[in-house]
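Lettered A, B, C and D in written order, each chain numbered from 1.
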Amino acid sequence: MIDINQELRTFEDEKFHDECGVVGVYEPGNKQNARSVYFGLHSLQHRGQESAGIAANLGGKIQYYKEMGLVQEIFNDEIIERLQGDIAIGHVRYSTAGESHASNAMPLVVYHKGGALALAHNGNLVNARILREEMQDNGVIFQTSIDSEVIAALIARHLKNSTIEEAITQTLQVVKGAYALVITSANKLIGVRDPNGIRPLCIGKTDKGFVLSSESCIFSLLGARMLRDVEPGEMVVIENNEIKSFKYAKGSRRASCAFEYVYFSRPDSDIDTRNVYTARNLCGKILAKEHPVEGDIVISVPDSGTVAAIGYAKESGIPYGEGFIKNRYVGRTFIQPDQRMRELSVRLKLNVLKENVAGKRVIMIDDSIVRGTTSAKIVRMLKEAGAKEVHVRVASPPVTDPCFFGIDTPDKSKLIAATHTIEEIRKGMGADSLGYLSVEGMLEAIGLGDDKVCTACFTGDYPMELPESGMEFED
Amino acid sequence: MIDINQELRTFEDEKFHDECGVVGVYEPGNKQNARSVYFGLHSLQHRGQESAGIAANLGGKIQYYKEMGLVQEIFNDEIIERLQGDIAIGHVRYSTAGESHASNAMPLVVYHKGGALALAHNGNLVNARILREEMQDNGVIFQTSIDSEVIAALIARHLKNSTIEEAITQTLQVVKGAYALVITSANKLIGVRDPNGIRPLCIGKTDKGFVLSSESCIFSLLGARMLRDVEPGEMVVIENNEIKSFKYAKGSRRASCAFEYVYFSRPDSDIDTRNVYTARNLCGKILAKEHPVEGDIVISVPDSGTVAAIGYAKESGIPYGEGFIKNRYVGRTFIQPDQRMRELSVRLKLNVLKENVAGKRVIMIDDSIVRGTTSAKIVRMLKEAGAKEVHVRVASPPVTDPCFFGIDTPDKSKLIAATHTIEEIRKGMGADSLGYLSVEGMLEAIGLGDDKVCTACFTGDYPMELPESGMEFED
Amino acid sequence: MIDINQELRTFEDEKFHDECGVVGVYEPGNKQNARSVYFGLHSLQHRGQESAGIAANLGGKIQYYKEMGLVQEIFNDEIIERLQGDIAIGHVRYSTAGESHASNAMPLVVYHKGGALALAHNGNLVNARILREEMQDNGVIFQTSIDSEVIAALIARHLKNSTIEEAITQTLQVVKGAYALVITSANKLIGVRDPNGIRPLCIGKTDKGFVLSSESCIFSLLGARMLRDVEPGEMVVIENNEIKSFKYAKGSRRASCAFEYVYFSRPDSDIDTRNVYTARNLCGKILAKEHPVEGDIVISVPDSGTVAAIGYAKESGIPYGEGFIKNRYVGRTFIQPDQRMRELSVRLKLNVLKENVAGKRVIMIDDSIVRGTTSAKIVRMLKEAGAKEVHVRVASPPVTDPCFFGIDTPDKSKLIAATHTIEEIRKGMGADSLGYLSVEGMLEAIGLGDDKVCTACFTGDYPMELPESGMEFED
Amino acid sequence: MIDINQELRTFEDEKFHDECGVVGVYEPGNKQNARSVYFGLHSLQHRGQESAGIAANLGGKIQYYKEMGLVQEIFNDEIIERLQGDIAIGHVRYSTAGESHASNAMPLVVYHKGGALALAHNGNLVNARILREEMQDNGVIFQTSIDSEVIAALIARHLKNSTIEEAITQTLQVVKGAYALVITSANKLIGVRDPNGIRPLCIGKTDKGFVLSSESCIFSLLGARMLRDVEPGEMVVIENNEIKSFKYAKGSRRASCAFEYVYFSRPDSDIDTRNVYTARNLCGKILAKEHPVEGDIVISVPDSGTVAAIGYAKESGIPYGEGFIKNRYVGRTFIQPDQRMRELSVRLKLNVLKENVAGKRVIMIDDSIVRGTTSAKIVRMLKEAGAKEVHVRVASPPVTDPCFFGIDTPDKSKLIAATHTIEEIRKGMGADSLGYLSVEGMLEAIGLGDDKVCTACFTGDYPMELPESGMEFED
């Protein structure tokens, strides 16, 4: 019998996964900022579906609640009511295989010399293991396998003789990697972004306070307006209803994650002043210029390919249409399928819209291809439905290298573009033609400047030195 | 404080709701047809999210399981395993206010003279109350408020001296209304459609058996191919791996529900030989002809307006784009919002994509407008995001009359088009212009023939006589 | 590997099981009588742990809630709040194998000609099948396998031309068996007991109303005082805050169930004017007279043997002590034991108190022995703990015949005393001696008069004629 | 309206509560020792009902699972299956108010220099706060408020240059208080008891390995036999299927907790070679000598007073009987009672058995009285039921001082015997006479020797110096 969960996993493995989303809300006098954080996390749910948590800070006393599950499954009004605080922070986390412990959920709340501190982290350190071992050599214990505990332990060590701002600054001299941090302690809400600004973090302004968020798409819901992004190497400290800015690192190049534009972020977010929809749409347009093909209809692999597909259609003049219908109710299923149900992993989620593809030359836009296993199934479904030709166009460059900066990434050996030529990939998936967006095209679409974007997973050009072992994974 | 669930309810009330989806699978020798029914229901989840159930028939002995919740929440492998049978039927049900009893879930399983019978019903009888009272006068008791119990009681009464086919036929001489029935008893799987064929029901063929389903979109997942629709007034009896057809009613006009094309059914389903996507897309195109307007972008209220919007854009030559981003993780939330969060019901689900609307003349396509309360909020959001003009186009005619045939419908007094002129509606929603598709346009798009479609909710022209009291609701 | 649940089942199978407990509360003006019913059911939980339900009657409109599980697991304040009514009735049900459907839970609520009716039933009909078939022949359908549905269907049939009191009376002319019924309809609370009074039902008086209950032990909790038992063949109708009594049957002999005194009822209940503790304690005393033996300590198989053991000790002059410690936290476990864990089913619940038995001649009192499987294990545990002698004394007569009146009973072939001599049983369980209370002794202890007690399971002398087939079980 | 949970809390507050139970199982080759730990915890459930956890150690790699709830609610076969290890340890925890975090559940698993370590702790440190602050001054962070984290952090610090045995020994030079520890790391199972041996810990032997447990009552279930108690100040290290003993502390006086004999432990456990039943029974006998009174019946407040009551009855020659029936199904209820239900907290659990007390001079044995609030209600219930006289006898001395060694204890101001004379207490509870067991009588009953028992809560004579602040509670 087919292992359906393995199958479904395969389907999800086809995409990269972000590991986290973070939110912080500061509104003195409003004791129920946890409520705003809740709705913020709800709108960041696409950044992580494994676990979620909220910590509320009332005059330095921190209450928290975190659990496995979706935001709306975890919290109820009674729990939110208990989370009283002038400041609240929250976190959603993606499920990386084998590490699904409730104890790895965030925010991480620790009790140090001066009181309590809550920390939410999006990203990944490249020297976490070595830092951890160093501290363990000095008798420090760890209770989780998350990087955030390393950061918290370092901050605590420095708090001995320092203010929290100093302790964080000293800690950030040592840790390397990607991080967007939201921290609360005493009467402060603090936001930090790594020196390269790999992971996003932006600041919103409400009538009576401030919001920090991985993405700006939550602002209108919370009644906030975009103030600005936190800068690479910047720490912002919100206290007494003011923001103070500290530059704790200098000279690094900005390297905003390209995949936030290509796939992760919601199209209604602005990342480092560039709108995601615009960038994604431009990817489609430039893709049309780089890989034109004659066809009757432009379709997308929903939902993530749709924005680029619209762009491709516009640029090419070939009409956009829906080629697949997506089941909106797909969650976890524990029912094993009948043996006759082939490719169930795909079919449970997508069904071909025959009317639009039968007898047609179909141009299918996907946002990215990681392993390539699902693409073959999708192309086969289109052909079975009568498509005369299937031309696959990918609105991002071939993925050739793993990410060490907060994205759940397979081994290089499992990245199809790392081990196969474009022609081999095309053949494997049974497409009539295959075209990827060029790195240059993608950079043009993002529009931040060629040297301001991290394209490591497409080029192997990492924005910082990696430890010798290359990849560093938590065990 | 705002009552969030009331708010969310409002949002959902903006659309009509279908009340059910039904599935039946017949494969002698395969004892686990419940498994196929499960996956079928999973793909019909859009037809009802309140409760679901499966009954399996093994040589006349019927096991069943039904519960409140989504299909994938209710069943697990152990339950499916217990549902052994050569025949299995299933049902999903929509939550109509105040009637959320587990005991109203289907299939309904009853024990009559000759054994057990399971019945799943999509539709609504218009004379259920009077039939129920008549039987109660004769000492029959009812344990639920669902029409299906009336049908089952009638069949049972006739079974005294008849075969099941005769008993059903006799029953159908008496009941009036809309019904697509899937019944199993003894070694038979039976499908019935009312004399007008208002609610859909189609037949699929697998290698070793047959599938009955409200919609054909489940067939590819189940390895089935579309055979044909059950005809109005037809009963099909599947036994000994053969289908026999009985015409139990004659002379009624076919009246396929227009709303199945406009909103209910999945675009990848064919209803009475007409593909839903094609019809919906044509609605958009004809709407563009009927209500042209100058504009910069055509957007849709996702997801249901998208197919028509693509059609409108194509016909008008104005580019299609996304105006809203929909949160894919919206389920039930029990957290009360902060008072500052205005229009949360809409904002939790939709966020304006500023880049696409700011400074533009926006043409917004909605599939239908029922109460009009949400439309005003959506238009306001667009204007706040900087839209220069908002032209609302509705891809179906004004809804002026309630449905008595299986759709959860508000009172006529709450149907905005029943009590307001188009100009009043436009003004109320703050749109710069407003245009509805004409009934003729919709009929042309559906393409079944003008007299073969039920347009009662747009015209008040019901395909059958209604009881004097007009509407008949279960209390 | 051992099937632990099979094992645990075995342990529970050692005792007879009552099938139900019923409660009704009538207090006009108090809309939350469901609250009192809840606490009443909570105190009747020992009568049934499978499912529970409450129906509340507000001016004839009946709301209900029923579920699988323990009373305190099923209900919460929100559910109770919704169950508004001047009258409320409730039911707890025991889990009989294979019939664990939520749809078999009670109260049964049906909608008949004149309105709604809720019914809770403790007992078993001996002619349910034939009545059911008769009605099915006339086209009546059934949705459950419980007798109560037969009773409700008959009442409904008679309601055509009758008052509810008449309809019930007419129904009771036809049904045969054991029943304690609590019914509510319109503004009435009705209690009925079968012509032999096999199953108990008593009436309590509160300041503002009345309580009906299977057992009087709930009265003090509800602020009620014992008024009297419902008499055999009596129907009491509570309306306008008055009780009216109807004798619907005459001439039958009273036959109160002996097992209520021996095992089922709580010791703090009075059944038909006789206190259960007193009867059970007397059983022990008379047992001591009938089967004296030299010994050092009298112990009980807790908890059900304790009252008799205290009596035995008192009468014999041999000191009472605890021989076993019972784990108070035993519920359902789903963990399979290690193979080395022998007799886990017993050991999970009981542990020998070595200090009290090692080197001693132990007299062990059990309330009853049904299959005898567990007794052997318990005797072996005592011997392993060093007991010099183990003398088993059973505070009820040998169980030789099945019950058809509401007790879950194994086949006669599985009743050890039906197929073995006392000496064989003694040998089988490895006891040094074995003595059962005589039927006469038990009747003396109960003290109702020799002909007023049903002793059928000990004597085969059933208080009414049984259908030819003998036992009638629902399939 | 009465707050039922406050009421129920009151009822539970009447007794002291132990905070934990610990188990460790070592059987090389048996990868499923978690299974044995599960059943062990199941039998130690009376020691803590808030949360439970199991950690399994497979060659140094530790997997764990812990949750809020009862043992049998938390675990299922799938979870146990995943907990593979030659060694497994487990823990049950009592719910102390306000601290009900899942993150406080045990075992605590930490990752230190040399690998992973799991630790389960029963007891309380008196210098945890100061140790915690010292470490926090050095930059150590804490993630919970449990003492165990302090112990683990200290062990980790010493592991820098030491073996695990040395690190534990060094740690135990610093921590002060009561502790029974079960630790696993590498291929070792380690048991430790504090220098006074306040909290119990004993060693069992199975065919292929060893068991450590708070109480010996679990041994027969696990197929183990009692080897011996861990001695005060002893660390036992089980490795290579051998036990090695280390005396890490010398010269302290043994001070076994008296309350383990009086109330906490199961009667079928032996604590420091003395059987609990025997001690408790002797308490009753000596109480009868110290406080004789004329009476008709000796009853107990079930279940904890029963053993002593049997002793009292034996010694006094006055017959023992049951005065109360306890509802065996009382768990958490969330239903608010009706206002008329007085003393519901008691009545939900206990009902007077009128037959045994009406018109009688009742001698009621309670094991201990802490706050005295419940006693008054119980005495009133007896009087209302017609008791002529109620003589309260308490099978332990007056509780006058709080415990700092692992028992959840109210403020001294809330200990009724700390602030009232015996006569005042008697009057307050409405008893006709009141007698407490003397400290000497209790010591005689325990029989360990007068100076080998901790009687601090009765005498204020603590077995070790306390920090100046007196009591040390986690905030």
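As a convention for this text, a contact is a pair of C-beta atoms (placed from the backbone, for glycine too) under 8 Å apart; a residue touches a chain by one contact, two chains touch by 3 or more.
Quantities reported herein were computed from a predicted structural model and do not represent experimental measurements.
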Chain hops separating chain D from chain B, counting only touching neighbours: 2
Distance between the centres, which are taken as Cα means, of chain D and chain C, whole angstrom: 36
Chain centre separation in whole Å, for chain C relative to chain A (CA means): 60
Distance between chain centroids, defined by C-alpha means - chain A, chain D (Å): 48
Multi-chain contact residues (two or more partners), chain D: none
Overall pattern in which the protein chains touch one another (line/ring/star/complete/other): ring
Touching pairs among all chains present in the structure: A-B, A-D, B-C, C-D
Chain B to chain C touching residues, read off their complex: 102-103, 108-113, 133, 136-143, 145, 152-153, 156-160
Residues of chain D touching chain C in the complex: 30, 32, 35-36, 38-39, 42-43, 45-46, 49, 70-73, 75-77, 80, 206-207, 217, 220-223, 266-268, 275, 277-278, 281, 303, 306-307, 310, 314, 319-322, 325, 327-338, 340-342, 344, 347-348, 351-356
